[in-house]
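Before anything else, here is the set of structures, which you'll find just below.
What follows is chain A paired twice: with chain B in the first complex and chain C in the second.
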Partner chain A sequence: MISPQNVLRHELIGLDVLVVRASNPDHAGVSGRVTDETRNTLVILTGRGEKQIPKRFSVFRFRLPDGTAVDVDGSSLETQPERRIGMRIR
Partner chain B sequence: MKITDAGIHPYPAGDSTVARMALEAAGLGFDSAVAIGDAVCRSSGVEVLRGAVIGAASVKEVLKRVRDPAVRRADVVYVDAGEIAFNRAVVSIKEVNVVRSIHATRRNAFDHVAARTAAEQGVAVDISMAPIVHLRGTKRQRALQRYADVLSLQRRYGFPLTISSDARSILGQRSVREIRGLCSLFGMTGAEVTEALSSVGRIIEPHRPVRVVE
Partner chain C sequence: MADTTRKSGSRRLARERIAVLFARAAEFYPESPDRSNRCVELARKIGMRHRIRIERPLKRRFCRRCYAYLVPGSNARVRVHRGRVVVTCLACGHRSRFPVGRPRQ
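So, the complex of A and B:
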């Protein structure tokens, strides 16, 4: 079950997300659902189509299934999604 | 939200002891202060943080000085600003928290490239009240112009600002209300001043990649 403690190691595709802060000011405020993930970006399906947001220097707010909202530093997510599962969180 | 004076210079660099300056800061509305130098204050009205200033001619020297034990012990690490290339390099050094003495640099020494990097790395730029209070004439005007330039970059790129009194005695310390008035001289709003006064707390807090919001 996804929780604030394991969100860094969890699957993010399908979660509702809001870009709280980003290096590119045009990316801040983008919200929608995560449809794909690469090593350095998240692909978010918004009302206006898909947007690919870099993870580095961004802060994402994920809405977890139990209703909790967590702000996650994108730089901490910057690994291949299949490798993130086995990552040790410090 | 802790209101912090980002730079005071107690004895031996200044004329007043750190305890006396801490007491004065409490009376002026501050919750904490950064004492630059080796001063340690255990009991006072405000929390006293340790600050270390690196004044170096080259980036290589900055990289050497940040490994110094005295600098590593400090809570906040400052670097004196210099030329354009120096500033761009210094804001990308992980150990550096604040770039200061921006009023003494040339017009474009802190440019949009350094501003973007500072925003990405979370490095703050310090606004010192000392030039506004003590200088006169063209030097004071130049300092105000530099601060206005830094403020316009901050509004565009979002890097943090800190505000310091740079006081060497209790006579140089200013209240939060007076700082608000002084900062309005170069266009800073009350909300921006409050945000800048609380920046030091955010800079030194430990990095937490996940934070529960609601």
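So, the complex of A and C:
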């Protein structure tokens, strides 16, 4: 199952997320559900439509299905979704 | 199988993620079938990269030609024809045929 130890390598689509910090002040505070992931961005479905947020220079707070929250530096997610699985452990 | 610990760990994760993606695809479908199709695409990519087969029950949930996520009654027609289950993808018209009645060895 997805846990704080393996978020970096697990599936992010469907998780609730909050952008804690971002270099673009308009991106900070965006929250909603992850609907897509590319190499460099996450697409978040918010109450005001889908927002595509760059992973680099952002800090994301994911809420895992068991209720725990994990803060993740977006730059550590910077690869294609299917390649994240094989990444080194943080 | 001669798997190293690390490798089998990532393949287990890959299996989990494929299962999660298909669950999401089902969830997203009523609102946005495009998102479901994207989930299928990602699940296939994970499978290909980590050499994981997509299990039989999931294999039938998307079109073999256009890889659209299929929901019988909505964008797929399921019929039994001459001893086979024929699944027609209503997005591209492709018919996938699956044998029926002969148990696998």
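Criterion: the second predicted complex is superposed on the first by the 89 of 90 C-alpha atoms of A that agree within 3 Å, B and C clash if a C-alpha of one lies under 4 Å from a C-alpha of the other, contacts with A are read in each partner's own complex, and residues count from 1 in each chain.
We adopt the following convention: a contact is a pair of C-beta atoms (placed from the backbone, for glycine too) under 8 Å apart; a residue touches a chain by one contact, two chains touch by 3 or more.
Given the structure is predicted, the values throughout are model-derived calculations rather than measurements.
The superposition on chain A brings chain B alongside chain C with room for both. If you stand at the C-alpha centre of chain A, chain B and chain C are 160 degrees apart, rounded to the nearest 10. In the overlay built on the shared chain, the residue A:73 is in contact with chain B alone; chain C does not reach it. Applying the stated contact rule after C-alpha superposition, one finds that A:7 touches chain B and leaves chain C untouched. Of the two partner chains placed by the overlay, only chain C lies in contact with A:85; chain B stays clear of it. After overlaying the two complexes on the shared chain, residue contacts for A:57 are found with chain B alone; chain C is out of touch. Residue contacts after overlaying the shared chain place A:27 against neither chain B nor chain C. Of all Cα pairs linking chain B with chain C in the superposition, the shortest spans 18 Å. Residue overlap on chain A between its contacts with chain B in one complex and with chain C in the other: absent. Of all the residues in chain A, the ones that touch chain C in their complex are 1-2, 6, 9-11, 13-14, 35-37, 80-83, 85-86. Residues 116, 119-120, 158, 207-214 of chain B touch chain A in their complex. Interface of chain A with chain B (complex): residues 4-5, 7-8, 21, 23, 25, 57, 61, 68-73, 75-76.
The part of chain C that touches chain A in the complex is made up of residues 10, 13-14, 16-17, 20-21, 23-24, 27-28, 32, 35, 38-39, 42, 45-46, 48-50.
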